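Would you mind keeping the following structure in view while I ask a few things?
Per-chain numbering from 1; labels A, B, C, D, E and F assigned in written order.
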Amino acid sequence: MKLIVAIIRPERLNEVLEALYRAEVTGLTVSRVMGHGGETDRVETYRGTTVKMELQEKVRLEIGVSEPFVDITVRAILASARTGEVGDGKVFVLDVNQVHRIRTGERDEGAVTPTAVVDA
Amino acid sequence: MTHPSLLLALQSAAPAVVPADTAWMLVSTALVLLMTPALAFFYGGLVRSKNSLNTMMMSFVALGAVGVVWALLAYSLAFSQGNDWLGGLGNALLAGVGTEAKGTIPHVLFMAYQGTFAIITAALISGAVVERMRFGPYLAFIALWTVLVYAPVAHWVWGGGWLMNRGVLDFAGGTVVHINAGVSALVAAMVLGVRKDYGRQAILPHNVPFVLLGAGLLWFGWFGFNGGSALAANELAAVAFTNTFLAPMATLVVWVLLDYFRTGRATAVGGATGIVIGLVAITPAAGFISPASALVLGALAAFPSYFAIVARSRTRLDDSLDVFAGHGIGGITGALLTGVFASKAWNAAGNDGLLAGNAGQLATQALGVAVSVVYAAAGTFVILKLLALVTSLRAVPRAEGLGLDVTQHGEEAYSSGEGSILVMPDAVPAGVTAPALAPQPAAR
Amino acid sequence: MTHPSLLLALQSAAPAVVPADTAWMLVSTALVLLMTPALAFFYGGLVRSKNSLNTMMMSFVALGAVGVVWALLAYSLAFSQGNDWLGGLGNALLAGVGTEAKGTIPHVLFMAYQGTFAIITAALISGAVVERMRFGPYLAFIALWTVLVYAPVAHWVWGGGWLMNRGVLDFAGGTVVHINAGVSALVAAMVLGVRKDYGRQAILPHNVPFVLLGAGLLWFGWFGFNGGSALAANELAAVAFTNTFLAPMATLVVWVLLDYFRTGRATAVGGATGIVIGLVAITPAAGFISPASALVLGALAAFPSYFAIVARSRTRLDDSLDVFAGHGIGGITGALLTGVFASKAWNAAGNDGLLAGNAGQLATQALGVAVSVVYAAAGTFVILKLLALVTSLRAVPRAEGLGLDVTQHGEEAYSSGEGSILVMPDAVPAGVTAPALAPQPAAR
Amino acid sequence: MTHPSLLLALQSAAPAVVPADTAWMLVSTALVLLMTPALAFFYGGLVRSKNSLNTMMMSFVALGAVGVVWALLAYSLAFSQGNDWLGGLGNALLAGVGTEAKGTIPHVLFMAYQGTFAIITAALISGAVVERMRFGPYLAFIALWTVLVYAPVAHWVWGGGWLMNRGVLDFAGGTVVHINAGVSALVAAMVLGVRKDYGRQAILPHNVPFVLLGAGLLWFGWFGFNGGSALAANELAAVAFTNTFLAPMATLVVWVLLDYFRTGRATAVGGATGIVIGLVAITPAAGFISPASALVLGALAAFPSYFAIVARSRTRLDDSLDVFAGHGIGGITGALLTGVFASKAWNAAGNDGLLAGNAGQLATQALGVAVSVVYAAAGTFVILKLLALVTSLRAVPRAEGLGLDVTQHGEEAYSSGEGSILVMPDAVPAGVTAPALAPQPAAR
Amino acid sequence: MKLIVAIIRPERLNEVLEALYRAEVTGLTVSRVMGHGGETDRVETYRGTTVKMELQEKVRLEIGVSEPFVDITVRAILASARTGEVGDGKVFVLDVNQVHRIRTGERDEGAVTPTAVVDA
Amino acid sequence: MKLIVAIIRPERLNEVLEALYRAEVTGLTVSRVMGHGGETDRVETYRGTTVKMELQEKVRLEIGVSEPFVDITVRAILASARTGEVGDGKVFVLDVNQVHRIRTGERDEGAVTPTAVVDA
C-alpha cells in the first residue's frame, strides 16, 4: 500500500476531486497549506510597511491506496491539477506499513476499500 | 424627503429653523451615513474572503468620491432652482448653501442629508459587479453615475421636476434610490459579464455574521432614511418610522417561512435578505400608508424578490449579490403598492391609492417606475461603455483567481503574518532611538 | 416608560404631540431596536462556531415573530384599556393606533417603542437554550410567550395593572424585561436539559470580539431603553441617561477587579458581561435615583451576578449563556436596590426608598420581584410542556454534534468553499446571456 | 463644547433646559460613548490576533476606569468654578451636579457628555503601547492621566482657563483630545520601547474588516462629538455636523489617491485611516469654518499625516498604531488650519482667521498647540516613570511572544476548543439535576 | 521508528488524546483537515444556490514513536476513536528514517522519548 | 529521495525559511498545526469555566529533497529552529517512492530541482 501526498492549487481542487471520483478513488483527506516554490512573491503594503508574501495558498491531499490504484491515482491528479504555470505543485508517493479502518478495525487492503454508503 | 410636505414647508411664510426638527434631522443624517458602512458589511460578508476588502471598499469609497461630487456639483443639479428636467448650478461648489432655513432645518443640513442618499445609492450598485470589476473604473463609474443618473432622477422626483409635478409618490426613495440602483446594477452585471467561477464552482459567503451585522445596522440606519424623509420631528415622521419598523418584520416572517417550505430550513442569509427587502419595499410608501397596510405590504413584498432570487441564480446573469432582485424588484413592488395602499387619511399632502378608490395613482406610480427603469438602464449602459473605451473594466482572470484584495488593494482581510517578510526601506536611519536593528537579510 | 411620568402626561388637559419629545423617542426606538442585533452578537460570539448562526438567528427572528405578534395582539393586551389583570382588545390589529398623542408623542410611535422591548425580552431567553433547541419550536415559544407572559406582566407594571397600582417602581424594565426573561431562561434551560457536551468538554466562545461588539452596541442602545423610558426629552430623561452611563462603569471596574483577584487575570468576556449586568441592574432604577447612587448601585450589582455565574457553572444546570445569573439576578438586584436608593428629590413622580426613610418601598419592590418570578416561571414551564406534546423541543444528539447551523439552517457561518460542489438546478436555461455553461458533472 | 457659544448660553439671563437641545445632546452623548467601542475595533483589527483582546480591552476598560474617575474627580477639576489653571472641587463626587440647566441642557447630561470625551481621549493613547504594555499599569496610567493631564488641559481650553481667555479656538477637541492624546502616545511609545518583533518581522493587521467597522462607527459617533459640541440643536450644530460630513470625504479621496500613486494600489487600511484623520483634523475647526473650507481642510490634512506614517515606519519609533501621526499631527494640522479658515460669518462667537485677514488667530492657535504638546509630553513622561518605579510596565518577552491575550487576560479571541480540557472544579455537586456526570479524567 | 498518521472525528479528539496519554504517548501533532469517504454529503443553500458539501471536518494526528510503542499507540487510537458509524477515519503507519529533537539535537529513539516537564 | 517533515515553533518560521533558502532549499510546504509535548499547559478562564489548553501552536514543514540535500536540509532546520526551551519540535525523515512535478510531469530527481522563476 501507498500513501499519496499531493500539493495542488486551491482552484484546481474541485477538478482533482472529480477526477479522483471518476477513477473510483473516494477516500481522501484534504488540508489547507501554504507553499513556497518557483512562483514570484507577492508584495503587500500596510500603512508604511511593505511586506513580501513568500507563501502561496495550496491544498494538500493525502490518499491511502492499495498498490493497483497507485498509478491510476497519480495519473488522475497529474492530469486534473495541471495548469502549466509555475506553482502547480507536487505529488509524493510514500510506502505505508499498515493501514487500519477505525470503524471496523479492518486492516490494510480492506481498510482502504470503500464501503457502500448507507446512512440515515 | 416627501415632496409634498417639503413643498408645504417651503411655501410657509417665514421659513425658520425649528430646533426639534433640526435635532431629528441631525440624527437622521448620521443614521443614513451609517448605512454605507453597514452595506459594506452586508455585501462584504456575502463574497469570498479573497474579495472581501475590495467589496467593502466599493462601499466605503463611495463615501469619499460620491460625497465630494455631491457637494461640488450633483446637489445643485438635483435640488437647486432649475427646470422640469434638471436643477441649475446655483448651488454648485456649495454656493448659497448656508444656515438659512430650507423647510425647517438649516440648508447645510438638508444638503448633507440628501448627500447620504446619493452615496448609498451608488454603493448599492457595487453588489452586481463585485469579485471582478477593477477598482479605478468603478470609482470613475460611481462619480459619473451620481452626476448623470442620480442627480437628474432625484430632481425629477424630489427636486421639483416633471415626475414630482405628475404626482408620483416616492416618500424616501423607492424610485430614486432603489429602482435606480437595482436597474443600474442589472445593466452593470450584464456589461461586466459573469465571474469566471460563476456557475462552475460553489461561491459561498465567507462570513454570514457580517451579513447579519450589515442587515441590523441597515435597519437601524433606515429609520433615518424613511423617518427622516418627513424632514421634521412630527406625526408624519412617526408614521414613516413605524412603518419602517413593521414592514420588514412581516417580510422577515414570510421569508423565513418561504425558505422553510422550499428547502426545509430557514437560512440566516435569507433572514438578513428578507429584512433588507422589507425595508426597500416600504421606502416609497412609508409616509403615505397606515401601519396596518405596512404589515401587509411587507408580507407581500417578500414574494416577488424571493422568487426572483431563486430564478436569477439559475441563469447566466451574474448579478452577484442580487441587487436587482432585491432593490430593483423590491423597489418596483414598493412603488406600485404605494399606489395601492396610499391614503390621504394618513398623509393629507400625499394622495389616495387604489384601495381608497383612486386607481389613477397606481398608473402614476407605474409611470414613475417605467421612466426610472429606462433612464437608469440607458444611463448606466452608456457610462460603462464609454469607460470601457478608455480602460478595461474587468480584472484579468488571473487576478480574479487570486482575488481582488491582493491584486487591487495589495492587502488581505485576515492575515496571520506567516511567511510574510518585512521589506526594509533603504532609508532606515539605523538605530534612531534604540538598540541597533538587525537588518532583515534578503531572504533567499 | 416610567408609569408615573406617563400617567402625568396622559392626565394633562389637551394631549398634544411635542416635537422635541417626538425627536428623542424616534431615536430611542431606533436605539432599542438595535439592541436585538447587538444581542445576537453578544450571544453569537459566546457559542461555538458551529452554532453561531443559529444563536444569532434566535435573536433576529424575534424581530420578525415577536414584532408581528406585538402589533397584532400583544400591544393591545399590554397597553390598551383593560382591567387590573390584562388590557383589552381595543388596539388589536393596530386598531385605534394612529397619530394622536399618547403622552406627548404620536401613538404609533409609542406602540413601536414598546414593541422593541417585547422583542428583546423574548430574544434574551434564547441564551439559555442555545446549541440544542430546534428552531421551529423556539419560534413558536417566543410568539406564545410574548402573548401569554410578556403582555400580562407589562400590563401589570406599566399598563395600569395591579402592580402599578401597588406602587411597584420599574423605570425601564427590571421586572418586565430582565427578571421576566431571566427566570424564563432558567426554566427553559431546565426543561430543555443540558447540552450533550456540557460538563464533558470545554465549550469556548468562538469569537470574543463579537461579544465585545455586542456589549458596546447594547450599551449604546440601552440609552434609548432607559433614557427613552422618560418618554420625553426632559430632565428625567437626562437623569435616566446619566445613570445608564455611570452604573455600568462602576460594574465594569468591580468586575475587572473580581476577575483579577479570583483568577489573576481580567478577562474580556468578563468585561463585556460586567457592562451588561450594570445595565440590567440600573434599568429599574434609572429614573428614580441620583447619579451618585447609580455609581454605588452599579458597583454593588457586580457581586451577586459574578458569584452566581461562578457557582452556576459548577452545577448541572446548563443555562448556557447565564441568562438567569445576568438578567434574572441582575434584575432582582436592581429592583430591590431601587427600593433602597429611590428618592423623590430626583423624581417627584417616583417615591422615596429605604435610604430616604421609606422601608415600605423595598417591600413593594420585593412583591414585584416575587410576582414576576412566579408568573414567568409558571408561564414558561406550561408553554414549553405544551409545545413538547406537539413536537420535540431538542435537536437529536447527532445534529447537536454537527452543530445547529448546518442542521437547522443549512448553512455555515464561515465557509471557504473548499470541497463544496455546486448543485445545478435541472432548469438551467443554458447560455442565456453568455458562453455555454460547462455543466458541473455530478461528482462521483 | 465651543466655549464662546457655551459662554453665551451661560450668560443668558434665566438658564432653562430646552427640550430640543436636550434631545440632541442625549443623542450626542450616546454617539460619543459609542466611539470607544468603535476605537476598540479600529485598533483591535490592526494588531495581531494574539493581542486583539488585550488591545480591545484597553479601550473598553477606559469606559470603566476613566468614567468613574471622571465622575468622582476629574469633571470637577475640568469644569467647576476654579482659577485660570484648574477647576475647583465644587463638583467632586458629583456634588451639585443635578438637573439644573447648564447652558440649555441638564447639568447631569453636560457632565456625561464631557465624560465621553475624557474616556475616548485616554483610550486613544493605547494604540501606541499595544502588544507589549501590561494591563494593570495601563489601567493605573489612564486613571492618573485623566486627572493630571486631561482635566487641566480641558479646563484651560474649555473650562474657563487661560487658553480659553487667550482666544484659542478648539471647537470639539483638536487640542484637548487629539493633540493631547497623540503627543502622550508618542511619549508612551518611547518610554515603553519597541515591540520585540518590531522591525524584524512583518506585523500585519489580523482583521481589516474590523478596522473598517471601527472607522465607520467612529465617523457615526463623531457626529455627536463635533455636532454635539454646539451643545444645542441649532444652526451651529448643523454647520459643525456638515463639516464633519464633508472633511473626511475629502481626506478619504486624497488618501486613496496618495496610496495609489505611491504603491500602485489603494488600501483598505489606508481608506479607514484617511477617514479618521479627516475627522481628527476637522474637530477643532468644525464650528468655525464654512463647509467649502471644510472640504479644503480635509483634503489638505491628508498630506502631513500620510507622510508622517510612511516616515515613522522607517524609524525605530514603535508608535504601533501611529497615534501620533494620526491624532497628534492630524490635530495640529486641524488646530492651525482653524486659524487659517475661521470666519465670523459662520460663527459670530468664534473669530476670523488668516484668510479673513486675522493672522493673529493663527499665532493664537500655535500657542494652544505648543502648550498642549509640552504639557502632555511632560505629564505622560512623569506619570509613566513614576509607575515604572512601582511595577514593570512591559510584559516579559516570552509573554509578548505568546501574546497578551493569553498572558494578560487568560483567553483567546478565537477558540475552536480543540485540545482544551475542561478543568472540573473540586466542588461540583454531582448530578444536581440530571444524569450523573462522568467526571473528566485528569488527562495524562 | 514509525510515524503514525491518524484521521479521526473532531468530536473524538479529547478521548483519543486521553487514551494516548494513558498509554504514555504524549508527543504528537494535531491539525484540522477535511475528509471524504463513505459519508453522505451535506446539502446547504445560500440564496438561490444549492451546494453539496463533500468534505467533512476531521482531525489529523501525527505521532512519531519508537517500535515498541507502535502497537500500543495504534490500539489506543482504534479503541478511543471508534463510534461505529461511517466516517470514523483511518490510521496509517509509515516507516521513518530519522528523527531529530530540535531542542537538543538528539536523534532517533532519544528524540521521541518524552522529557520531564520543567518549566518556569 | 526523502520527505522531511519538521514541526517547529511559529515564531521561528521566518528564521527557518531563511536558513533553508540559504541552503538553496526553496521548495516546501507549510501548515499550521497544534502540538503536544513536554511544555506546561496553559490555563484559561471563560466566565465560570476553567480550561486547560493542552495543545500549543506549531508550524509543520514538509520538504521533498533529493538524497544529497537531506543532511543539508536537516542541519539547516536544526540550527535555525532551536531556542533551547522545551517545545522546539521534531524533524522526521521519511522515504519517498516517487515524486512528480505536476506542471511538467517530470519525475523524481527532476521534480524536486527548482526551476528558474520566470513570471509575468
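Keep in mind that, in the parts below, a residue touches a chain if its C-beta (ideal position, glycine included) is under 8 Å from a C-beta of that chain, and two chains touch if they have at least 3 such contacts.
Every value quoted in this text rests on a predicted model; they were computed, and no experiment measured them.
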Reaching subunit E from subunit B through chains that touch each other, fewest steps: 1
Touching both subunit D and subunit F (chains): A, B, C, E
Comparison of C-E and B-F by number of C-beta pairs in contact, larger one: C-E
Copies subunit F and subunit A - interface residue numbers shared by over half, same or different: different
Centre distance in Å when subunit A and subunit B are each reduced to the mean of their C-alpha atoms: 44
Separation of subunit B from subunit D, taking each centre as the mean of its C-alpha atoms, in whole Å: 31
Whole-Å gap separating subunit A and subunit C, where each centre is the average of the chain's CA atoms: 49
Chain centre separation in whole Å, for subunit F relative to subunit E (CA means): 18
Residue list for subunit A, restricted to those that touch at least two other chains: 14, 17, 26, 30-32, 34, 36, 44-46, 49-51, 54-55, 94-95
Residue numbers of subunit C (touch at least two other chains): 18-20, 23-24, 27, 201-205, 207, 213, 263, 265, 267, 269, 313-314, 410-412, 416, 418-422, 425, 443
Topology of the chain contact graph, where touching chains are joined (line, ring, star, complete, other): complete
Subunit D residues within the subunit E interface of the complex: 416, 418-419, 421, 441, 443-444
Contacting residues of subunit A [partner subunit C, same complex]: 10, 13-14, 17-18, 21, 26, 30, 32, 59
Contacting residues of subunit A [partner subunit E, same complex]: 3, 17, 26-31, 62, 64, 94-103, 105, 111-112, 114-119
Interface residues, subunit D side, partner subunit C - complex: 17-20, 22-24, 26-27, 29-30, 33-34, 36-38, 40-41, 44, 52-53, 56-57, 60-61, 63-65, 67-68, 71-72, 93-94, 97, 99, 105-106, 108-109, 111-112, 115, 135-136, 139, 207, 210, 213, 405, 408-417, 420-422, 424-425, 427-429, 431-434, 437-438, 440
Residues on subunit E engaged by subunit B in the complex (per definition of touch): 44-51
